[in-house]
Amino acid sequence: MPIIVNKNTKAIVQGITGKQGSFHTKLMLEYGTKIVAGVTPGKGRTRIHNVPVYDTVEEALEKHEANASIIFVPAPFAADAILEALENGIKTIVTITEHIPIKDAISVMSYAKQQGATIIGPNTPGIISPEECKLGIMPAHIFRKGNVGIISRSGTLTYEIAASLTRNGLGQSTCLGLGGDPITGLNFVDVLKMFREDPQTEAVVLIGEIGGNLEELAAEYITKENYPKPVAAFIAGRTAPPGKRMGHAGAIIMGKAGTAESKIEALKNAGVDVAEKPSDIAGLLLRKLS
Amino acid sequence: MKLFEYEAKSILARYGVPTPKGGLATNSKEAWEIASKLKPPFAVKAQVLVAGRGKAGGILFAESLSEVERAAEKLLSMRVKDIPVRKVWIEEKIRIKRELYFGITTDRFNRSYVAIASSVGGMEIEEIAEKTPEKLIKFLINPQHGFRSFHARQIARKMGYSGSQLLELEKIFLGLYRAGVDYDAELIEMNPLTETIDGRFVAADARIIMDDNALFRHQEFRKRLLEGESELAPQELEAIKNGLAYVKLNGNIGVIGNGAGLVMATLDTIKYYGGEPANFLDVGGGASSEKIAAALKIVLSDPNVKALFINILGGITRCDEVARGILEAREKMRVTKPTVIRLVGTNEEEGKKILKEAGIHVLESMETAAQKVVEITRQG
Amino acid sequence: MKLFEYEAKSILARYGVPTPKGGLATNSKEAWEIASKLKPPFAVKAQVLVAGRGKAGGILFAESLSEVERAAEKLLSMRVKDIPVRKVWIEEKIRIKRELYFGITTDRFNRSYVAIASSVGGMEIEEIAEKTPEKLIKFLINPQHGFRSFHARQIARKMGYSGSQLLELEKIFLGLYRAGVDYDAELIEMNPLTETIDGRFVAADARIIMDDNALFRHQEFRKRLLEGESELAPQELEAIKNGLAYVKLNGNIGVIGNGAGLVMATLDTIKYYGGEPANFLDVGGGASSEKIAAALKIVLSDPNVKALFINILGGITRCDEVARGILEAREKMRVTKPTVIRLVGTNEEEGKKILKEAGIHVLESMETAAQKVVEITRQG
Amino acid sequence: MPIIVNKNTKAIVQGITGKQGSFHTKLMLEYGTKIVAGVTPGKGRTRIHNVPVYDTVEEALEKHEANASIIFVPAPFAADAILEALENGIKTIVTITEHIPIKDAISVMSYAKQQGATIIGPNTPGIISPEECKLGIMPAHIFRKGNVGIISRSGTLTYEIAASLTRNGLGQSTCLGLGGDPITGLNFVDVLKMFREDPQTEAVVLIGEIGGNLEELAAEYITKENYPKPVAAFIAGRTAPPGKRMGHAGAIIMGKAGTAESKIEALKNAGVDVAEKPSDIAGLLLRKLS
């Protein structure tokens, strides 16, 4: 049994009629994900890829049973879409949308916490538990079912590393992108805790990048809890010039904290194997698991 | 988006935060005129968006109008940390008793805003943060009801104030918070917030960084960002207009990729194999062929670029769209520079087919591709 | 504080709610000029703050400019439910397909705002509320994150709308909510919100009642309330200025008390013993002697008043303050009308002493006092 | 043991240096209420009636133990004062301040509910458990310890009726003013529930007035629960002309709902004795209790 999503996940797609929403609904359906309904305001009473579309989450849930939602609606409306899912009792929400204003995200995350809901993202590739459920936009063919859990701050780097693991015979239990926006629903520590309790997961890969201190806090947690499963990591941005923004606010370097060096040192001190190149992760894990 | 000191101060003043009287000048004559309406002594401050302006000589003091004129002239002809000074702010110099710090920023781990205060502010604040963090007051702001009057008073008390000074600080802290909320600030700070010798408080310097993701709610600033008065390189400006993230670097390998993490890892890998990237360019998720074409144009406008490395791992980005964008741009711009393309993921087969039909070779491994592009630039 | 239709509509229009084109006139010539810039047919509407204006003949329709002129003339010389019409609003008449209702008000039991909607609006809404409440959609607004876009869509769907009409209603409902929050409305409604024959929506009538307790945040309206353009009697206006609550009634016993409940019970008791109160006047909690004096002045300005009944039960109100206020006012105004005073509670002894020294008799039971004052007016 | 406040109540006074705050602090102290500290921003490090004054609730609670607060601060600042007490863990808050804006009150009450706190008022005379604790502004000498619980929407009417009960030998367990503002922390049903569980309380007096439907809802509750203790009621405003405002928004009559007739009928149908005059309450209770 993987974490968060599995065979029993039944999802709605918010923003299903948009270009990305529609395209990835098709791919998720092809992967076998149970997409029971879609929501796009003003497009109710239509169908897309044979999935019925409703104007509101409320109506979708009156007519279908669902326990998860994946959100593709544009950033200015995304916080409201998350709230709509939360208010209608959905406890697993994957937010693909990127660039949600910080103010909106903070307010929504606080409510999600009160409701005991799990928000993946925003600005995440989503989550996949191979052969069970894909709630995201990742290219499915690079994943295989197995025993490695992946937690990542970077979408495309996740694919890079997952593909390399698969090529080396290391399948995955669940791969999850925390999301690249400044405020996200989950951090490394949250997911490390879940993988710890998950019997299918035997090792964890942590993919970080410069900026913030989430990797340092993960290292602290691993040390403090004497984390019982092997962890390997890759940190992007070793060669980034200090003080420059690399793509999103997540990558502002402030003084020493948040540099690749700081993160790598903290993780190594916690007993984590840190790879020099993405393709080195597989080798490090194989050594640990043998 | 960083705001200039004069912008930040005028916002704070509208929220009831006391700021020194002053005005903005683009030449020494204007500076003289502004100063003539103020009381000496004066401070003349270069308006640049870099940190550490004071230590870099960007702030001068003057006793007389002629000294203001000379100071303005000097600043307007200098560069602060390589940025040319286009405007100066002239204000009345404050008679300082004590320098405090107060600011609000985001706390990612706790998913909230956090207020940070210190009764030892000024240029040393970063040193304090590093060496004696216990001197900083950190107050997490509950997202449910925000930063309230009594939170401000709790902080003022911990900074050692009471009586009317406590009430004055309450107003200032609340004003700053409300400005931050209304302007979607990811950082808003007064450093120093000065306690004057007569016991009043003045924001002697102020800084606001607006949340880029919220600029759609602040079109006037978005406009200012895109229409000049910013310190961006032409390529950076062009990138923002096209929704791309671009950072100029000093090497000769132009890099385009999707996802900040992947692009950073691409730079790292190029360096690992001994190459030097010319830039960071992230096309983001779900880029259209037009966006890819715009990215190529920006990267190629850098004359140092000898070869291109396009690294796309499609998730929400579709490889066929990328392939079409590359062909489009090559055709329009008659690209002759050697290009190494790595393309895998969503609609990979279709993308590869499009490029192959156009005679372009596509690699599958980032590392092989990186080695290849480094090799090409070495030969060139 | 009730706002006029034209005020409510101009507020809603600023929040993106479509309202009919129109203008305000104080005479028939102005009405003609306004109408000349509009498309016929027209509606000419008396601007009065009473409910049921339509049924009372306060709305007229006109096909031509001369009809508008006549309608304005007629309305401006009439009274609607005893209120003289001082202004008329002329607007383009809407071609109605359906009349809806949407409003937001407070729900005391749930301690929240509540949105109320109905796909059967117009003049019958109160009847619907009473006879077929199931036709009303009641939506409690969560105080934590307020009324959101999707709440608006949920309601629009339940009203039977979809497609672009659903999105249009979303904008209108949200606009109304935001206006209500910003203006501290205890009631804000569109009745009817009209669906036109071409499927669009227009707020044909609008009503806003602002929360009196929040008027300190809306000084412009507070000013308007106190400086005329309201429909208050002079005594009511004077009462508001002094922070008193006054309602004119038709009897001859002037009543002053502290606390709405006590004053109402006083009126009830007077009636129980066969008397007729001339007014309701609540001095509120903790009234100063100046306030008591102002209250006496207001009550005595009603020529019908034959006797006074002052009923004070001190809690936060101090009996000594009340006593001093009574003496002060009697002296200044040379009150000769018989006065029955009942005074118990905080600082009772001191208050009684002050009055006794001035030769005024004080009773302790509300019922004895009520009987006494009724007796006096019967004799008079 | 009475409800909400008793001998063990230790209170702070927010707004202690104002005219009302200072005056009633003195009276509460004289009654024997344990007032441990006062708060007025900017007036810290002073004393009033020998009670130490602080700038913040936080500081007051660092230096004193307290489990209740009574608030006298002016209306524009009162909602923040309630929040300050709540955030500092106080669970019993009496808000004397009147005319708090509805918008502010709604937001604060929602947070109080989350925190499981009891807010009495705003615009309340407060609460008194005779001979144990007075947290309010009521004239103390009219109350006597006994077995009748009083719940009231009107301050001064409470004194009227309590005094009459006392004269007739009927003491009180606890007398509580719900408050005259449009939004209050407690309603009749909330307090009826508390009196039901309180062994000291043998009968309940309910003092209502025109406007709203809180009395009707109380009647509904009494019927549904077959309320086990005798209840007597008085409703003010029988002779109020319809559509006129009597003092505060609580007294707007809207159609039939909210009229004195509607309330009296509902209560009578629930088996409640409804008095014609305030002084009749004592007689009705004596008959029921004998």
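Labels for the chains are A, B, C and D, by order of writing; each one numbers its residues from 1.
One rule holds for everything that comes next: a contact is a pair of C-beta atoms (placed from the backbone, for glycine too) under 8 Å apart; a residue touches a chain by one contact, two chains touch by 3 or more.
Quick caveat: nothing in here was measured; it's all calculated off a predicted structure.
In this assembly, the C-alpha centroid of chain C lies 27 Å from the C-alpha centroid of chain D.
Separating the CA-averaged centres of chain A and chain D is a span of 51 Å. With centres set at the average Cα position, the gap from chain A to chain C is 54 Å.
Shown for chain D are the residues that touch two or more other chains, namely 107. Multi-chain contact residues, meaning those touching two or more other chains, occur in chain C at positions 142, 144.
Chain contacts in this assembly form a single closed ring in which each chain touches exactly two others.
Two chains count as a pair here when they touch; such pairs are A-B, A-C, B-D, C-D. Contact residues on chain D toward chain C in their complex (touch as defined above): 19-20, 23-24, 27, 75-76, 96, 98-107, 109-110, 113, 123, 125, 136-139, 142, 152-157, 159-160, 163, 180-185, 187, 207, 209-210, 212-214, 217, 234, 236-241, 243-251, 255-256, 276-279.
Contacts from chain C toward chain A in the complex involve residues 142, 144-145, 148-150, 153-154, 156-157, 162-164, 166-167, 170. Chain B contributes residues 106, 108-109, 111-113, 126, 129-130, 142-144, 181, 184, 186, 211-214, 216-217, 245, 247, 249, 257-265, 267-269, 271-272, 277, 280, 282, 284-286, 313-316, 318, 344-346, 348, 365-367 to its touches with chain A in the complex. Listing the residues of chain A that touch chain C in their complex gives 41-45, 55-59, 77, 80-81, 83-84, 87, 107, 111.
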